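Read from first to last, the chains carry the letters A, B and C; within each, the first residue is number 1.
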Amino acid sequence: MTENPAQSAIIVSGVVKQFGRFAALRGVSAEFDAGKFHAILGDNGAGKTTLLRALAGLAHPTQGTIRMFGQDPQDSSREIGYMAHPSLLYDEMSGMENLRYFARLYEIAGDERCAEVIRAVGLDPQLTRPVGQYSQGMRQRMSLARAILHHPKLLLLDEPFSNVDVHSAREMVILLKNMRGSGKTIFVVTHQALLLDGVADEFVWMQEGRIVDRTAAPVRAGEAL
Amino acid sequence: MNSFWAVTTATLVKDIRLEWRSKDALNSMLFFSLLVVVIFVFSFDPLAEESRHIVGGLVWIAFLFAAVVALNQTWARELRNQVLDAYRVSPAPANGLFLAKTLGNFIFVCVLEALMAPLFVIFYNLHVLGPAWQLVPIALLGTWALVVNGTFFAAMSLRTRNREIMLPLLLFPVSIPAVIGMVAGTTAILTGENSAHFYIVLLLTYDVVFTTASLALFKTILHAE
Amino acid sequence: MKKLFLILAGLTALFLAYATYLALKVAPTDALQGDVYRIIYYHVPSAWTAFLLFFINFIASVQYLARTKASLQKAVQWFVIGIGVVGVIATFLPQVQALLPTGMRPSAVATTVLAIPAFYFLLGWKFPGDRMDMLALTAAEVGVVFCTIVLVTGPIWARPVWGIWWAPGDIRLTSTLVLWLIYVSYLVLRRFSSSAQTQIIAAALAVFGALDVPLVYFSIWFFRTQHPQPVIGGGGSMDPRMLHTLLISWMAFLCFAFLICWSRFRLELLKREAEQAEAMESLVGAGTAAKASLPLSRSAR
């Protein structure tokens, strides 16, 4: 969406993703700017999750390429923070214990950063309750904390607000707004476009494995939401 | 290199802590091991003259059963909540994770063997006629042989339709040389009729070859969708 | 293509008939074993064919894995060339020649060692991309069939001649059994794996299996030296007519195996094309029309 290629953080070219006889992505080509907040919308089965996973390096395109800051997604793992509907956390450990462990994976020493992100998502670092006993909203927030632990340049969030109470959802949106303000690139797949109205810089519409539209507001010409 | 050992230790410590907290796998495995020994005692008459010749085989079959049940649990916690995705997305070296899981399994299976072996000695009234100290390298190298391939194949089986049966199906054929080494070596020491020296070297070679192969190929397996 | 296949099929049938004729009529009766020994003309060629096919699977699997990364591919290529060079030079060194079993000529060993890089580059050239994996699968499947023949004919031969169905220390038969087990597990993995990366996972398993084979051989070899085994005869030189029949049989089996592999390969190729076509069905629009071309088969147009 910009003339200057140096601005494009993420370049997707002709990506096809085939699962046996089913093609989840049928030729997606797009460029996304750095430092912008992109919301990805579409019906179930449109390919939103697959696209996000491809950006995260979790799904390998059958055809086509993805370049992220000039590299393959798998080589950019330090820059990527990923969050999905499953929490990606160990149910048997507390939030702090979980984050301490993941901090080791990212070579982050000490507890301060872990405590910092837990507070940033509105939770208490001292909480010893295992994550498995959290409410859905708390679990999603802790999962987000894990995703931002290592100061990633790029955040990829798959349906972070689904089944989450309104308070938690709003907290997350505020946090994301601040992060985008500090220069992070953010992709959020969601069904709740209205939550991001005025927050996201653009709305990317997908249908049947392709990007069909990109708008500045969560409305498409001639379509109800 | 630093991060490799950091990841390995962090993961190993985390797994041990989690196992210690829940103790569910540990308790059921201990009881299962006892049951296996008892079944063998009823099936193979301990008073028979030739029992010393077959006990080597019985012991290792019992260890093999116990190991398979333990190995099937290797990735269970990582599959819940798709924690494995968090690994794939992180820059942490994949074989650090592998080594930690293998070491964890190794410790676990050794604990089971330490329980089962005395039971065999008691039920079968074993006197070791050969150099008894050689049983230690055979036990350690043999267990590592089972566990290193078992952990690797358990990861391979993650995306198969019948995961639990796929592990022994893949593991047993490839483990045959190791099993020959373990059984023949143990029998040689128990009966004192032959030297176990070659079998120890065989097991050592086996361990080196397959540990190297597993470490080299694990990243590919981990990143498989 | 189809005509060529039919012609070759006809020739192979003739060849097999000729080999059978030689085996049953022309080859002389064995002094010790009588006519029962003639099963060797099925047993041994099947074994050699199976081993060749498994070897092809191994080379194909290594290549397929190497291709995942360009730098890795180059490294493996140099390594394979290195094996060829070192192997050939080594067979002409007196120290190495002393280690060879009697009767084995250094040039024969050198040629066998050269087969590794030769196969590697030949297959790499002829089977680009996904085809390498199809080759691996084909070779494994057909190899298992021939290996089954070996394992069935082995005991059938052993029983009347040596009085026992199976000797645990018989290194060749037992190694073949383990090889069969490894490759059956390979095929089961391919069948039951629902991963998008099944092919790479299976290739890794094939590498593990190949690494295992020498270990199997040595473990059984040593086990055998420690335990008295029933004497399985077979020493001494072979009548030249028998050797001739054996080689003709092997050639005939190879032709037959080639035909089956070719059919199986085509089948796999078409199956994957059909899958891809189905997946891309609704692909329309500028820029994406080009993507609809199937990179797999030359004959798809």
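Going forward, a contact is a pair of C-beta atoms (placed from the backbone, for glycine too) under 8 Å apart; a residue touches a chain by one contact, two chains touch by 3 or more.
Every value quoted in this text rests on a predicted model; they were computed, and no experiment measured them.
**Student:** Among the remaining chains, which ones contact both subunit B and subunit C?
**Tutor:** Common contact partners of subunit B and subunit C, which must touch each of the two, are A.
**Student:** Could you work out which chain's C-alpha centre is the most distant one from the centre of subunit B?
**Tutor:** Relative to subunit B, the chain whose C-alpha centre sits farthest away is A.
**Student:** Kindly work out which chain lies most centrally, taking the average of its C-alpha atoms as its position.
**Tutor:** Of all chains shown, the one whose C-alpha centroid lies nearest the global centroid is B.
**Student:** By number of C-beta pairs in contact, which two chains lead?
**Tutor:** Top-ranked chain pair by contacting C-beta pairs: B-C.
**Student:** Could you work out how far the Cα centre of subunit B sits from that of subunit C, in whole Å?
**Tutor:** Spacing between the chain centres: roughly 31 Å.
**Student:** What is the distance in Å between the mean C-alpha positions of subunit A and subunit C?
**Tutor:** 48
**Student:** So the centre of each chain is just the mean of its C-alpha atoms; given that, what is the distance between subunit A and subunit B in Å?
**Tutor:** 39
**Student:** Pull out every residue in subunit B that's touching 2 or more other chains.
**Tutor:** Touching at least two other chains: 223, 225.
**Student:** Pull out every residue in subunit C that's touching 2 or more other chains.
**Tutor:** 196-197
**Student:** So which stretches of subunit A touch two or more other chains?
**Tutor:** 59-60
**Student:** Applying the document's contact rule, which stretches of subunit B touch subunit C when the two form their complex?
**Tutor:** Touching subunit C: residues 149, 152, 156, 158-162, 166, 169-170, 172-174, 176-178, 180-181, 184, 188, 194, 198-199, 202, 205-206, 209-210, 213, 217, 220-221, 223-225 of subunit B.
**Student:** Can you check the complex and tell me which residues of subunit C touch subunit A?
**Tutor:** Counting only subunit C, the residues touching subunit A are 196-197, 275-276, 278-280, 282-283, 285, 287-288, 291.
**Student:** Contact residues on subunit A for subunit C in the complex?
**Tutor:** Listed in rising order, the residues of subunit A that touch subunit C are 14, 16, 18-23, 26-27, 29, 59-60, 63, 208, 210.
**Student:** Can you tell me which positions in subunit A touch subunit B when the two form their complex?
**Tutor:** The touching residues are 56-60, 74, 77-78, 80, 82, 84, 86-93, 101-102, 104-107, 146.
**Student:** Where on subunit B is subunit A touching in the complex?
**Tutor:** Those in contact with subunit A are residues 3, 6-7, 10-11, 14, 18, 21-22, 77, 80-83, 85-92, 223, 225.
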